[in-house]
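These notes open a run of structures that come right after.
Heads up, the next two complexes both have chain A, just with different partners, chain B and then chain C.
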Partner chain A sequence: MGTLWKIAFRNVLRHKRRTAITGVVLMFGIGVYIMFGSMLAGMDRMSIDSMVDYSTASAKVTSPGYLETMSGTPLDFGLDNPAAIEKAALASGASGTTRRTAFVGQLSNYVDALPVMAFAIDPATDGTVFALERAVDAGEWFPGREANEIVLGRKLAAELGLSVGDWVVLSGRTRPGAENADEFVVVATVDAADPQVSNSGAYVSYGAAEGFLELDGLVTELDLALPRAATLDRALDEADALAAALRAEFPELSTRSVKDQAADYLAMRNMKSKFSYVMMLVVLLIGGVGIVNTILMAVYARVKEIGVLRAYGMLGRDVKSLFTIEGVIVGAIGSLAGALFGLALTWYMVEYGIPVGVFFQDGGLDMGNLPLTGSMYGEWKPLDIVVGFVFGVVVSFIAARIPARRAARLEVTDALRFV
Partner chain B sequence: MKRIIFAVLAAVAAFAAFAQAAPTAAEILARVDENEKFSSIEYEGRMELTLGGKTRVKTMKAVAVGADKAYIEFTNPEDRGVRYLKLGDELWMYFPKEDDTVKISGHLLREGMMGSDVSYEEALESDSLAELYDAVVKGREDYEGRPVWVLELTAKKSSASYARQILRVDAERYVTLSADLYAKSGKLLKESRTLEVRLIGTRWYPVKVELSDKLRKDSRTSFELVSIKLDVPVDPKRFTLSELGK
Partner chain C sequence: MAILKLSKIRRIYRKGDNEVVALSGLDLEVEKGEFTAVVGPSGSGKTTLLNIIGCLDSPTSGEVVYDGTPLKALGEKALAEYRKRHVSFVFQSYNLIPVLTVRENVELPLVIEKRLKPAEIKARALEVIAEVGLADKADRFPRELSGGQEQRVAIARALVKEPYVVLADEPTANLDSRTAEEIVELMRKVNAERKTTFIFSTHDKLVMQHARRVVTIRDGELVSDERR
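Presenting the complex of A and B:
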């Protein structure tokens, strides 16, 4: 067997071009598979991060009544003692808390009017949970120079032809139910990764909303943040644990983790990941066909050589083993190169990402939950690297067995006469 | 001196006569209610929606009992078969193409009904003005050739849709000829103008009204009652969800 390995190694090194071609096919197949897996995981992380950063937070506490009628953003159900919940959340590991009250409004520049998803927020603490303040692309985050200040999504402001410093009329129903409308100065616009924020987000401070909506201290939701976890699964589990801790302490309230709030998306993600495994299998099969083809060509190119080996007394099973070993060596080299190539691509995706804004920002492309700005980053998936490598070696083994068996069956005279 | 005394007495007498003749705000609103309230109504209507220079026309057949029950079916080609059912403060909409009935709730209530300047919430309001507002007579003036009483209405319930309204009520026919609707902030939100009134039996009734949204340019909805029957018997089955989807 030692001699066969030596011959096989020599043959692999002797046929450098053929070895290189087979190796490159494998390298690309496995490298793309690894990067694809990293990219899909990164897309999921990015979508969930976008929800956490702009709408769901890691966990959200509301009253049960509010939860039932949430789609209408009613001003009927508030939290009685948000300070106590905040204290308990911080004790349970939350890194930040903030209060919000959502309401449906309409924004008018006296020419046109657009419906908006508006929020009364606490400008001082909002940044400890949400990324809105960091997404300001023009103006200043609630400078407090005017009583009525508003921050708008970038696209919403553009649609109404508004810039920082312009005045706009915000209308909405007060808590008791009366129509109200007042002028607000646009102090900042936000270019948020969440398309809903950019397209229809309007934010006013509690100070301004109190009089405008007659809130009488109403807080409809308390949002909680957690320190960033290394992986998406860990982030979801930690959010679940925080929500569970608060549910135990405040059973009369509705506490929902990002996992609960994004249940539909996560269910879709599970379906999507099954589909993506099928896609990745197709990528690997294409790679596998390439490997089989390359090794088959190698066997046919060396039929005369097989005849010579058999004429010198080599047994058919030795010929079969020789070609199998050669195939496995080439497969291992290609798979290793593929794993390294995949590692390099994943590293680039994790470190630098792919800028998505250039593709989607002004194209009006519907990307579902995917953010429209910033970069799309990959995630490390060590299992995919192992799977890619093993798959490459196994496919090479199987691919080499078929022509090797055929080579072993050749008659010496036929092999020597083979053109 | 005699002349001055005579003039003062004449002025006092005229004022007294006016004061005696001038109805109170409550009386004016009651007279308006007498004209505009009905036990039941059946009509064919035409709605013109104008926004940004473009006008769309919608036609409908409707029947209502009091302010609590109403059934509307659209008859224009684009919306043919779309129906609304109002029962108290709840509203359902039937879509014939999908054969589906949907309850209008939440933020949808703030949307304009069929794209008009009348929100679903406004359509659902059934309290009379006297129940929701304190009213005072601000004076009498001429408005588009008609003598009118000018009334200022201030919300006495914080749930009233508008914090303040200025009404101009025809001083002879007791029909509201215009209403300016203000937000709590004092901003003018909407204007309503009665373009045509008709004598139906013994009462004057507004049959063409135009509502304009003052927060949008060129946004107005005119509503015309093409045919109208007041206080006619109505089959109560019309106001059931099972009938809505038939």
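Presenting the complex of A and C:
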């Protein structure tokens, strides 16, 4: 077997150009697959981060009744003792907690009105969980804290022609069920990565909402943050663990991690990963054809050599092994180069990213939860690098068997006569 | 005692609807240690005869007996094993493995045979390389050798496993006359010293002169058998 490896390895090195061409095809294929995987993972991370930063938090605690009718944002189901939940969450590893009460409202600039997704929030703690405060692009984050101040999504404000300092009328249904309206001054606008926040988000302090909605201390959701995890999978798992801990402590409440809340998106993510496998199959098919071609050329160039080996008693299966090994060596070189190329591309994606704002800013393209501004970064996916390499070698092995079998079947006398 | 006995050997090839008779009822006996030239015009059946003697090809009819063993009785695997152990080949265009050094090329039959340990294989190969006068070229690659040197390596490769018979198909056809003579002299020397049986086909009158026996075939039939 050692001699077979020696002959195979030296032949691969002897035909450098042939090896290089096949290797480069595999290198590009596997490298792009790895980068694509990193990019998809990066998109997922950004999307989930965006959800966590602006709507789902790492985990959300509500009453079961609220959960059932959540789409109507009712003010009928509150949390009885949010302070106890907050204490338990912090003890279970949460890095921050904040209270929110969502309600559907109507925002008017005294001329036109638009429906808005409104929240009563705690301006002092909201920033420990959500990124809204950091996304302020004009004005100041609730300077009066408890006064009739409102923060609006940037596009919503633009739609109604509003600027910081303008007055608006916010109307909504109070907790007892009556329609109410009040005047608020726009203190800030937020340019959030989450398009829902930017297009229809309106935020008032609990202090202001208390009188306006007659909340009487009602908190419909408690949002929990976790320290940023290195990878998306870890972030999801940690959120699940936090939610599970709270579920155990407060079984009467509904505690949902970001993984539960983003179930639909994550199902789509699995579909995307299947697509990336399809892409890899196509790439490897091309690489496989390259390997078949390379080894077939090697077989035809060395028919006499095969004849000599067989004449001296080498078995057909050893001849098959010889050319299979050659294919595997070419494949392994290409796959290794592909893994390194993919590693380099992923490194670039992780370190520098690619700017997405340039492409989608005004394109009107619906990107779901994917942030429309800034750069899109890749994620490290070590498993993809290993999978890319292993698949490359396995495909090379399978592809090389085809011409190798042909070599093994050559008649000795025909092979020796071959010119 | 005959080491090789061929009786009524016929070999017919089919090409489409046509039949080509390469050998038609040929009888031949070869004694151990003979140095035999098989001569005849192109297409007379020389290579077919050597292939059948070398167990690379099977006769359509007739019997080949090697050292008392009828080859017909052997299965395909046993036949390959027999060839691996007892028959060696020297080719017109040397057919060395270009990516192996002289020593590695010579070691190859023993490596394939898997009978000896690596150290023994190496020692045996170096011994035979020295015998063919290429001790200083053991680590060279075939591309670094002349045609004559390459053929010497091919002879060393054929001898290394100490076969019953070495079959050489036009071993000097690609060499100039001086080198051809050197190669035949080398074969003759090995034949005399080791008592290895040589059967070689040739067109070369000069080479024929060295043969102790000249078998002439034409149209697949033995037309003369001259012993000297």
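Criterion: the second predicted complex is superposed on the first by the 306 of 419 C-alpha atoms of A that agree within 3 Å, B and C clash if a C-alpha of one lies under 4 Å from a C-alpha of the other, contacts with A are read in each partner's own complex, and residues count from 1 in each chain.
Operating definition for what follows: a contact is a pair of C-beta atoms (placed from the backbone, for glycine too) under 8 Å apart; a residue touches a chain by one contact, two chains touch by 3 or more.
None of these values were measured; they are calculated from a predicted model.
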Touched partner set for A:V169, first chain B, second chain C, both or neither: first
Of chain B and chain C, the chain that contacts the larger number of chain A residues: B
Which superposed partner A:A181 touches (first chain B, second chain C, both, neither): first
Chain B versus chain C as contact partner of A:M314, first or second or both or neither: second
Residue ranges of chain C in contact with chain A within the complex: 51, 54, 56-57, 80-81, 83-85, 88-89, 91, 93, 95, 97-100, 104, 107-109, 111-113
In the complex with chain C, residue positions of chain A that touch it: 3, 6-7, 10-11, 14, 304-305, 307-309, 311-315, 318, 412-413, 416
Residue ranges of chain A in contact with chain B within the complex: 69, 71-74, 104, 106, 108, 110-113, 115, 169, 171, 173-174, 176-183, 212, 214
Residue ranges of chain B touching chain A (in the complex, touch as defined): 52, 105-111, 121, 155, 157-163, 181, 183-185, 187, 189, 213, 215-217, 219
